[in-house]
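One structure below.
Each chain carries a letter (A, B, C, D and E) given by its place in the written order, and its residues are counted from 1.
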Amino acid sequence: SLHQGDSGDSGASLIVMVASSASTGVTAAARAFESEHPGLSVLISAGGSGALVRQLESGTTADVLITANTATMIAAQGKQLVSTTPVTVATSRLVLAVPQGNPGRVTSLTDLSNPDLVVALCVVEAPCGAAAHAALSAQGINAAADTYESDSGHARGRLALCEADAALIWAADLGADDKVLEVRLSAGLLPSTHYPAAVVATSTNTTSANQFVLFLLGARGQEALTSHGLGPK
Amino acid sequence: MRRIPVALLVPAVVALAFLTLPVVALFTRVAVVDLPSRLREPLVLDALRLSVVTSTISTLLCVVLGVPLAWVIARRGLRLRQLLRILVVLPLVLPPVAGGISLLVLLGRNGLVGRMLASVGVSLPFTTAGTIVAQTFVALPFLVLAAEGAFRNVDQRLEDVAASLGASQLRVFRRVTVPVAAPGIVAGVVLAWARALGEFGATITFAGSLPGRTETLPLALYRALEQSTEAAISVGLVLLAFSIAVLLLLRERWWTLS
Amino acid sequence: MATSGLTASVRTKRGDIDIDVSMSVGSGEVLAVLGTNGSGKTGLILALAGLVPLDSGQVKYGDRVLDDVATGIHVDAADRNVGYLPQHTMLFPHLSVLENVAFGPRARGVSTAQARRDATDMLSAAGLTTLIKRPAATLSGGEAQRVALLRALASTPDLLLLDEPTSALDVSARAFVRAELVSRLGSFAGATVLVTHDAIEALTLASRVLVLDAGKVAQEGLVGDVVRRPRTPFVARLAGLTVLSGTAHEHRVDLDRGGTLIVGDSAQGRVLVSVSPRGVSLHRDRPEGSARNVWCVRVTSIEAVGDVIRVSFEGQPSAAADLTASAIAELEVRPGMELWASIKAAELEVYPA
Amino acid sequence: MRRIPVALLVPAVVALAFLTLPVVALFTRVAVVDLPSRLREPLVLDALRLSVVTSTISTLLCVVLGVPLAWVIARRGLRLRQLLRILVVLPLVLPPVAGGISLLVLLGRNGLVGRMLASVGVSLPFTTAGTIVAQTFVALPFLVLAAEGAFRNVDQRLEDVAASLGASQLRVFRRVTVPVAAPGIVAGVVLAWARALGEFGATITFAGSLPGRTETLPLALYRALEQSTEAAISVGLVLLAFSIAVLLLLRERWWTLS
Amino acid sequence: MATSGLTASVRTKRGDIDIDVSMSVGSGEVLAVLGTNGSGKTGLILALAGLVPLDSGQVKYGDRVLDDVATGIHVDAADRNVGYLPQHTMLFPHLSVLENVAFGPRARGVSTAQARRDATDMLSAAGLTTLIKRPAATLSGGEAQRVALLRALASTPDLLLLDEPTSALDVSARAFVRAELVSRLGSFAGATVLVTHDAIEALTLASRVLVLDAGKVAQEGLVGDVVRRPRTPFVARLAGLTVLSGTAHEHRVDLDRGGTLIVGDSAQGRVLVSVSPRGVSLHRDRPEGSARNVWCVRVTSIEAVGDVIRVSFEGQPSAAADLTASAIAELEVRPGMELWASIKAAELEVYPA
């Protein structure tokens, strides 16, 4: 199947393109879905939301698309890359995160403008960057970023290695190992995002694709997603 | 052996330290004993398998395509050689991500050639074949330039004698030029293989990242980086271990050549 | 022009000199090519082998056209069936001695096993059995040259092109190789072109010589004729002769560059006089005796030629004398020394210019 | 010139087409006339400037450090040479992202050496210096392997004669070894430069991405890709144009050498 | 042992052979090293130059220890002040002829301008003015060898090591170079080691010879002594002599390998008899006359030695005869032919074995 990698086994597999920050949760959900559908294997293709849409544009075949914000999904809809109306399957909050031990003593968003601290943000082209940019400019904070990461997961990586003192990332990326901690802020300071899902227009297995989206909305799917840092739909 | 002059020894030691210390440092972060269990993680295993397969095939492609091209360039007149060489260097200076885009533009579903391929049912982007194409595109110039340098060093009078003894050009190439240039070609193959094995930008752009199909080790590593650095390092160490195994294995055969 | 064998008229540039040579070598014949360093001998060989392009001219072997610039024919070196021994041996460094010798036959379609057997036999016959498995790169200079000769001979070529095949050999190897070449060339139907700096090697191996000077043919002919009646100082020197131009008045020749010689044969007008160093004697004091020509000279160089020592000198005329080692020791000849030279009139050969 | 055998011509033409067509295809997507205006966009201009500066400095570093190391490796005995060569190849097979991690582990704020550097006020991550370090780390093995191959091809008897004429080892190196190996070294420099210019993974991992400071052209290109493919292609073409200019400029001087 | 000049005792492996040589060369003296191909001449030169390590032994120049394995002293080649002409010339291909010649002086600290001026002068004096700007890689074989010699001489070395310096030269260049060497060596305070295959080159340039055989000294001494009284077949052949061992009973010597010779000098017991080819005549029919030794032989090879042609033959004993070209033509000598050989008793030299 080297030359036509997509076609050979598409009857038995379902390809799910998912924004990186939701990939752990969606992967867990997929495993659960597989156990309900013996013989079907779910392949997860993770990446930046924009990159995923671009791949679809360039002709990759997939069955389900899950992006990290609605704007990107709307763009995909506009390009007729998806065939069903998107439904939100999960949410996530943007959080101010610091490394274990909080070496920079970061307590508020204004600390992000401290030039002595190493601050990592997402690029504005990525959903987490767009959200952060909107929130910070709304509060008149001029962040002294030292690096713009391609997505929330990589911003988290900076904290995990303790190379950065603070970052704005999706709560879903905080991880379970206590290496990265959230700085609690008053509610409403930072926005949330929605993870919309839709069936891809070129899907050859729309039945299973629809079933998977429904599964994510269902109890077992939600359980898998929320136990990996995502908020409920 | 004469003693190495300080003016050369100092930069050489600095260079060696600069190259090896970071690699050594990696081992301080992850317990080596954990590696076997890492290997058993299906995703890592899939990525390793895929990397081995694709980098091997693309290295072979590079050799099959690149060695003849290098020879053609090496044996042309000055003018043509300069032109050909610039053509080979251009894909090299293109950042891999841009290389991936250019492959999409050419071979993508709506690409100039891709459309023709699609009409006969062949689609390259986001397939394992696409991964191989991306790796080959990025690695090929390395092989060509290295092999060309090696070919240019072969005394043409050796080829002349071989021809006078009745050897066809192809025979001269196989029996004289390539063996005499072997050390340089081997270096080129190692460079191309390493480049293919580590390829990231063009692969993710042209072939996407689908575990088991297009997610090679470097892609898995980049993704692992989002979850935990240790996971990423482990993947890196797996790759290192694999490379060391290959190098030690090859050492006995043609590595000694050079 | 021979109808079989090699017929060539070659024009090609090599660095600053233009090689422009017409030549023919019959089948079974050996043509020696002589000439000063840089006279274009190697260039000529390369052109005949088809390894450098001609600017104009034609090369034929028998009726087969190998090169013809006018009609655009060019047969690749590989298809010419030549055996070429390059001046710098150029053994394949990555192959063993055996594989080097077997290379030609293999390229021309002989099976590997057969080619290796034949090569082994050749090497054994040449007394090089111990070298068979050695990487070619580890041979000494002379060993390499012997192997290169066997490699050129192994594929039974039509046209054998030997560029100084014995320059690095010791005396016994040289004798062996020459004997081997004599016997092989005797039974060899192809044409041979032999470049050498050794006039006597030409004498023993070749029937005709071609003397190159700055890319052009300075003289050509049967070995004996060329040696006896050289047309240029170089050929004269090569043959161990000094050749002087002058105007003859019966037995007296007034030399162009000064001096007068009394010669045995009477002549008139422009002539060349060749002086054999073997006829010239040197003396500390002016000699009395039968020699008709006696003059004062200054030694310029002392050089070995075969078994004797040649003392070159300047004077009117400048020439050379061959002496034995003991005579040298007795006279205590040193460059710069002043001596008397003498030669009998009968020893001088006179021929029209 | 003899005609090129078909068995070599066919793969050579395929290789050349494979390398050049994608690059050519890029030009079909973006009007070349737009490029000057692209260049005037401050972000692209910053990135170009940064790429030029960093890739030049890291190439120089590669030459200064790598050429001596290559020579030391080339002139050691077989055993030591094999060991040294494996040490040089390892960073090469490490995917650039992993290379970036390893640099972080060594030179990062909490790294083994980085901690010492930090105590004297030097911090490499998220600085232009860090970008240079990352590029050098990735490009250095290419230069070392290529130069080593070139050095091994230099007839040692030439070095012997030079020594017998009274030349110190350093003089032999500068006056004989390097000039004779020049074509191979130049090829290695081109490879290293191209590698540094296109570097993405190690740079973004070790140095991060901040416009004007660490966002080199490949990083800018990756970001532009999020906006539109055309924007990314334009950045790629800017890089290509710059490379062609450099190559044409060099051609006159040492490019002809090889 | 000379207190000045070179004193060396060298043991080193080269391929399969062990080089094991003790030698000394006084300052101003020229030692010729002769030996078959592969006898280790180049290996010896490399060891003296400090380019290959010794297994044991010592090399001294004057009082300066250059190598001493026992005490671990090893002076780098660069610090020995040698002038080395390699057998394969090894010109620096990336440098011009001028830069090649100027390389040594530059390396030894002469200013660039001065080194280039000196090199230009040397090249002009050697008649190579036209080559000055040429890339070394474009020289012909002989041109390269002449430039390599100048390069070795340019840095006024203490110890001159010449590995076959004239093998690729034409006759006139050879004469020129030898004359040049003679005059230079005459005023040269250093020691010279000259490897050559040309016994007569040794004769004219060197005062002493050392003959290598499989890495060991086969014979050493004054040129005349070695040439007249060779101890091995190789030296004999080199000197153009055949040396035969046998048992003498006054004027009769029974040869070990068959045959008997009548000699002029009376001797007893084990002896060596040397036969000079110049004394041997060949005849189609059994000759009548004064020659005491006449026997039947079969021609094995015909070879040129200097101006004469040497016919080797087998018989009892096997030996060789020097003939002129015209005699060869008259006898129509060919390998395999049967002839009569004769030599006068007085022409045979007898000395104790």
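One rule holds for everything that comes next: a contact is a pair of C-beta atoms (placed from the backbone, for glycine too) under 8 Å apart; a residue touches a chain by one contact, two chains touch by 3 or more.
The structure displayed is predicted, hence computed values, not measured ones.
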*Looking at the contacts, which chains touch chain B and chain E alike?*
C, D
*So which chains are sitting against chain A and chain C at once?*
B
*Could you find the chain whose CA centre sits the greatest distance from that of chain E?*
A
*Chain pair that, of all pairs, has the most C-beta pairs in contact*: B-D
_Mean-CA-position distance for chain B and chain A (Å)_ = 33
*asked:* Averaging over Cα atoms per chain, report the distance between chain C and chain D in Å.
replied: 55
*Which integer distance in Å separates the CA centroid of chain A from that of chain D?*
34
_Residues of chain E whose C-beta touches two or more other chains_ = 76, 88
*Multi-chain contacts in chain B: which residues touch at least two other chains?*
2, 104, 168-169, 225, 229
*Provide the list of chain A residues touching at least two other chains, using ranges where the numbers run on.*
51, 161
*Chain-to-chain touches, reported pairwise for every pair that qualifies*: A-B, A-D, B-C, B-D, C-E, D-E
*Footprint of chain E on chain D - complex, ascending*: 155, 157-158, 160-169, 171-172, 175-176, 179-180, 182
*Over in the complex, which chain B residues touch chain D? Could you list them?*
1-5, 7-12, 14-16, 18-23, 25-26, 28-29, 64-66, 68-69, 71-72, 75, 77-78, 82, 84-99, 101-107, 111-113, 136-137, 140-142, 144-146, 148-150, 152-153, 168-170, 173, 183-184, 187, 190-191, 193-195, 197-201, 205, 217-218, 221-222, 225, 229, 232-233, 235-236, 239-240, 243-244, 247-248, 251, 255-256, 258
*Along chain D, where are the residues that touch chain A in the complex?*
104, 108-110, 125-126, 204, 207-211, 214-215, 222-223, 225-227, 229
_Under the stated contact criterion, what part of chain A meets chain D in this complex?_
48, 50-51, 54, 118, 120, 123, 125-126, 145-150, 158, 161-163
*asked:* Taking the touch rule as given, give the residues of chain E at its contact with chain D in the complex, in rising order.
replied: 46, 49-51, 76-84, 86, 88, 90, 92-95, 103-104, 107-108, 151-152, 155, 161
